[in-house]
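Structures incoming, each one as structure tokens.
One chain, subunit A, appears in both complexes that follow, with subunit B as partner in the first and subunit C in the second.
Moving on, here comes the complex of A and B:
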């Protein structure tokens, strides 16, 4: 195989941008007609630079990446503008030229590592292909390079990984393999499309660290696509905010973060729970309305209908161009009114709310354990059985009108706990008392209507939890009748209307089918359904993690409002520490089925910390340029719950690990204050000496 | 894996036991016994037969013994490889079955040899580019051939190639000895029918794979298109069709009755039909055992093969 230099021929100097998009327009062609996915997109990426693209789902950020790769499927096409890669227009390249650039000059890392790797090929072969087909090296050389690259992306035991199939390694390892694959030919441009969205926070922190490191080492330019502003702040020097297919604001990261000049950017930041946001004193402000569909965009400014600064006659006059914020500056906005808006004025926004006083104890959990027994293959024949301790000795209390959050990464047992509570799984040991009723071994089939209606659940995925063939009103009404709240059709209808009012949906939504609703609206229906029987307690299992940030703010706000009014106890299960910090009163940190630390929100977020809490806090990206974080290294990955380490579950990754102690005996409970407990071998004073992980900056 | 095969075989024995017992019980009724007598001696002879002579006939045939006893005898015989004798043809069932199975096996072999490469090729090429002309053409042909019942295809082919063009004999009775030419029309009928089904499955599977993210990865890695198709797509796309093809074995054994009868081909399906009409209980029993065996065996082959093709299952 001979490699003719294609790109080198162009005059590539340090001043030539690696990539330049000029007025790029991409459309998808469907039966409904042309749907513009990206409109008038401009970007200039210099060598070694990292550029972030931020936006909510459907804003066209992934389409930009695929357009750069010139891969838009059968129905997509670049309909205008140009993409210059190292000075050459990619639209004029032949298929063969494109093929040589893909994977060698421009490489890509994808959102779902598992789906992006071929399930029936060993990692070794998938990696070796890159040098094999781009540089024509020998098979041996290719394999050797693949292995050394696996080492460089910090994968333990590269030999074993080379011989594995993708499903045999963890998600974090898979993503490292994909990154290794992208780096194998030393590309000049690396496209990262939500590379850590599918991963746990501590794993995410490791991947982000790796990306920054390799980009610096190889001088690779990055385009980092994410919905997470905090991640962009950590990785990029420049940023473009996209909305509905358009770049609405672009500039150096600190210009945009500190002096945002587009109402959408401002709205986006307003709906992210950053430290300092508080559900009572500084509630989040959701952006009202919904993202317009690609073929139903408004005239003029696409954000117009949702914007507080909308002025008729100006904002609805196309075309809207990008304006430089200051002459000669690289900070630009698509807002025509940016010069007139008083950006320093506090957002005319959500009113302050009174904190709620908590009441009596509603839920009492004592030493609750849930073990699963796995019998597998040959082991079952000789009678050997493995036990998975999904929950081990969980104890806590929840009061009326209080929000208790359970936080942890995948496999920590938080969802199992919810199942036991709901009666979908029997407990192995321990007690769960809701009021005076013992629930630990009362399966949901044997619970009476009243008990079931007292304890309800809001599910993670609003898209799958509503029956697609029944109307919204029918589904809520059924719950009302089942729980015996009302039986008279007229009264049921009234109650449905009332519930729709509570979740702030128009009453005529009762006649709609789930497919006619957006994700956020469906989740509101889920909440209405859970509150139909006037529950004492609602378990919300990741209720906002499937939703976009601006919708998240609205849904969390709604939950808080309902709680305030009905004095419901909320058990909020989440992996997202930012959201939890914002809305929880008390937090339980779980790791591999055990409680590592529990306490009030302030106690959890300030020292003394459990080493795991400390690591978790350090791993969470924060979208606030003024916040400083202490960096804490967490080694390795979460062990499989089927093979938990002996002693303290966190000992394999903890940098305070005391040999001979932590890996032998389970940690003792150390008590600080009224209900602040840390399960750790470190002495009390050692824990107390820890420094805060997150420090708010001086600038407001 | 061994455990799986073991439990499948156990299941098979259970099914065989239950089904043969039920069949025995049904065919033990007086009505069926009389039917056999009528078939053998002729209706007039039977009506003229005195009760005593009828009993004597039953005894001669061994039909006077209570059926559970006959069943036990039969089971014991089967365990020793003796399947009894055919009432109709007065031959040992084992020999009869063996020749018929060879015939049907030959037919099936040819059908597989033609149908598998054809349908995989068309399916893969169609699935590579969804909505392309070759995809539409394949879809059209496969829907057409599958929706035509075998009997219709058989008639059309016979009219064209045997009666019209006179290239091929119209039936496959082969009274004058073995004739390969006679096999062409039955094979063609079955291939046409089965091709569409397997091709459509292959197409769907290939199209799904081509839309998967790992194919996108392979393309964006800058691999040549040939490599993407042959190394990345094909193996994953063939997992589903493999299972389906193996399960066709079952259909080819007992589903070919129509074709074998139409073309007068002395195969397994025709044997089964004749035996059922005659009430030839031992032939029916043996044929059923064979059918159950083939069904379970194809199931096992497809399961085992699936785990080998799909590493995710193999190591799970």
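Moving on, here comes the complex of A and C:
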């Protein structure tokens, strides 16, 4: 990405910073004692500047934001250092002063838009509250300002939105309203805590664009908190990388991205799939171990136990200070050995592996459709019915030992498809064949043991995938007994141990309850459970999307290894194109229940594209400063699956839309190559003329 | 939330932890409860020798359970007070035959006052209008209330939870049918329902169990149904479904254990209501029959005499006893809820 961040760092050094944190320490006081959440945090934010804070869950990034708002709940307190807002120490301000600053001078946007809006108030009333309370303007004036602000955040039809309740508008629109609310008082500092994490990628791209635009227009300083390095690269000019409550590296975006000087930062970059990564040639390298708990941090460097460069006697000697990378540079790191480590040396890389040869066809899906019929409320009385087409004429094949990815945003029908496959829902039409067995209308209760064990699933939410009341061993063992792999208790126990070995968990975990495991460990157990019955095919429904970046790489790697070993077919359902690009052999792009494009990974990521694929590719944030992306921001929101647009489902947002064609007839299938199909009205040559969206830069 | 307490070493489990494990706890509860139930429900069928020592093993079990309860609920004083009240009556119930009490049904000195010494006996709490020792009657009386109250609640829970699981998990037609029946049952005033059932079936302990089940099960069904609806869409339920597990297995092994928290709290509260109900029924003459001592009966028998202020203790003593037991159950429920919210 080359375009300079719109929010340019302020040049004048004599101006007072909007916000300055000096050696800030924040602790929470719990029953287990004092838990330091943030230790020795420094930050200087000039007017108009955008600063990113990046880190994994539990690293204290949200605590920094709450500390800045001075709003940490009853058990949190600033235990050291100071926070200067426009030169004044916030700790000395009275509650009254703080209340006046919050929401007017400092505004905050949270992750869940629905939770930030009051569900029982109309948007107009909620927005008008801000100028009414902070500036004491008249009701009329407040409403007028609210409406003009809605226009500025590019909401279509602000009048309608003003009169709506939060649940009547979509998630992306809600987040725009929250941003409008934050901007209404013209704050000098806007805190964004994962503002787009709950949104779909194409919607996220729009919000990110909006944030950059309004910050430039109003001259607002931003603190952008995210776990996504790609997003930080797109929005900020400086960033701080946090680990376990400490800032480990800070500096200008390009310094940190191109010349990282802390092993954790490096590990973080190594574990995210960037366009160059490939499961065979350049596998991801996970960071070993896991994040220490706030009251069980190691002595000295908190990253020590997970670091490859750890040296006894130096890295475990507190205190560790921030060191300037070069004298006078703003790029600093908390690594004592940064000058000795050879940063240009390739990371002790995971060995290159041969691509797996795919085998015979395992799964054959032909014209599969799943429709739901909704008879709701008064409509049912007059006999009116609505049909929701969750899946419409889906066809594809999956071979042995192959990874097929289904990509799509929410409401695209990917989870419904998984349910049909697993036999939890009957298909409305079409065929699904697993080997010789027809599954489309065979509910799971009528499938025999063997068929069930051939098709297993890994679930999305690690906190939901295991029953909290049973032990790990019991849950894996149940699958083994159920599928008749073993029945003798001793042998079941052996097999459980063996499976725990495969997913690289200690055997002792068999006796534990799920709550004693971390998210990544639970997901490993979920994988062990899916593979317990020696399946031919595993459906993985977003198996890593709820995990932290460094854990994601480990779990993905594990899944790939087991698949490779057992020659299992993997159907990988995901919304994340970077992960999919990394691990899939073939990709199916879905939108509103229909396949828009399917082909090999190579074919999907290079032209010709379906316009939706093109937009999706452009929307995915990439954490690589050398990659250039063509900017295509699609308008609007994903239509509700209950009211799909006529013709091509993507026509409402497509900028190639041909009036009178796309909105009338469903798109024809255009074939390129053996198995590359695009469903689009554009002519073949028009599609072929498209330029690549992502191009690797020279520095890569 | 990242996980806490991950340690890879396997230290030998100390005794005080081992005893708190589910199997040990269930064993202790059974050791306390089975003899008591045998003694109270099936007393007439037991031989005198068996009757004389059947309750012996229950005494140490009760004491052990009390100690465990107090040590594991240290953080909630409310729960400890509740447990103390409940376990006091439990202890009295299991040890009544071995306490130095005179026969509760033996008429000695009618209207003996509190602390009076008559017929070679100290009447610490006085005697009732037939001359029976109040202290002895009050302590023995707790057996029947406890056993029938807890049994009735357990049966009501079994029935209510089963239908709640059916309605919540299978939903659709099952849910509508079960909910309709429950709504009809809930529309009767509880007392009317009790009186109808007991008049029809005749007054006895087992019929009280049936009546309490009819009255309580609909409300329990609603609670369990709500909890099931919440849990039903979790991934582990999908995982069980995709393994082809039988719906009954999913309900009992996958869903029910995860609803236990709110159910335990509600059960404690409901034990209180059931105790009230049983006492009231006995008072109305619809429940347990004389002459054996029972708090409801004692209140009933003394109502007329207790109009005279001097003899009001005959009514107050059993009334206070029943209140202390109900208060115990309620405090226990409060404490448990408080602790479950804190974690």
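Just so it is clear, the second predicted complex is superposed on the first by the 686 of 700 C-alpha atoms of A that agree within 3 Å, B and C clash if a C-alpha of one lies under 4 Å from a C-alpha of the other, contacts with A are read in each partner's own complex, and residues count from 1 in each chain.
By our rule, contacts are C-beta pairs under 8 Å (C-beta built on N, C-alpha and C of every residue); 3 or more make two chains touch, one makes a residue touch a chain.
In this text the structure is predicted, and so the values were computed from the model without any measurement.
After overlaying the two complexes on the shared chain, residue contacts for A:518 are found with subunit C alone; subunit B is out of touch. Once chain A of one complex is fitted onto chain A of the other, the partner contacts of A:216 are absent, as it touches neither subunit B nor subunit C. The partner that reaches more residues of subunit A, of the two candidates subunit B and subunit C, is C. By the touch criterion defined above, A:311 reaches neither subunit B nor subunit C.
Contact with subunit B, but none with subunit C, is seen for A:102 once the two complexes are overlaid on the shared chain. In the overlay built on the shared chain, the residue A:664 is in contact with neither subunit B nor subunit C.
Touch criterion met: A:117 reaches subunit B, while subunit C stays clear of it.
Contacts of A:465 after superposition: subunit C is touched, whereas subunit B is not reached. By the touch criterion defined above, A:508 lies against subunit C but remains apart from subunit B after alignment on the C-alpha atoms of chain A.
Taken together, the subunit B residues at the contact with subunit A in this complex read 3, 130-131, 212-214, 216-224, 227, 231-232, 235-236, 309-312, 315-316. Interface of subunit A with subunit B (complex): residues 69, 71, 74, 99-104, 107-108, 110, 112, 115-121, 129-130, 133-134, 165, 167-168, 178, 181, 377, 381. Contact residues of subunit C toward subunit A in the complex are 2-6, 8, 10, 234-236, 238-245, 253-254, 257-258, 260. For subunit A in complex with subunit C, the residues that touch the partner chain are 57-58, 290-291, 293, 422-424, 444-445, 447, 449, 452, 455-457, 459-461, 464-470, 478-479, 482-483, 506, 508, 515-519, 521, 529.
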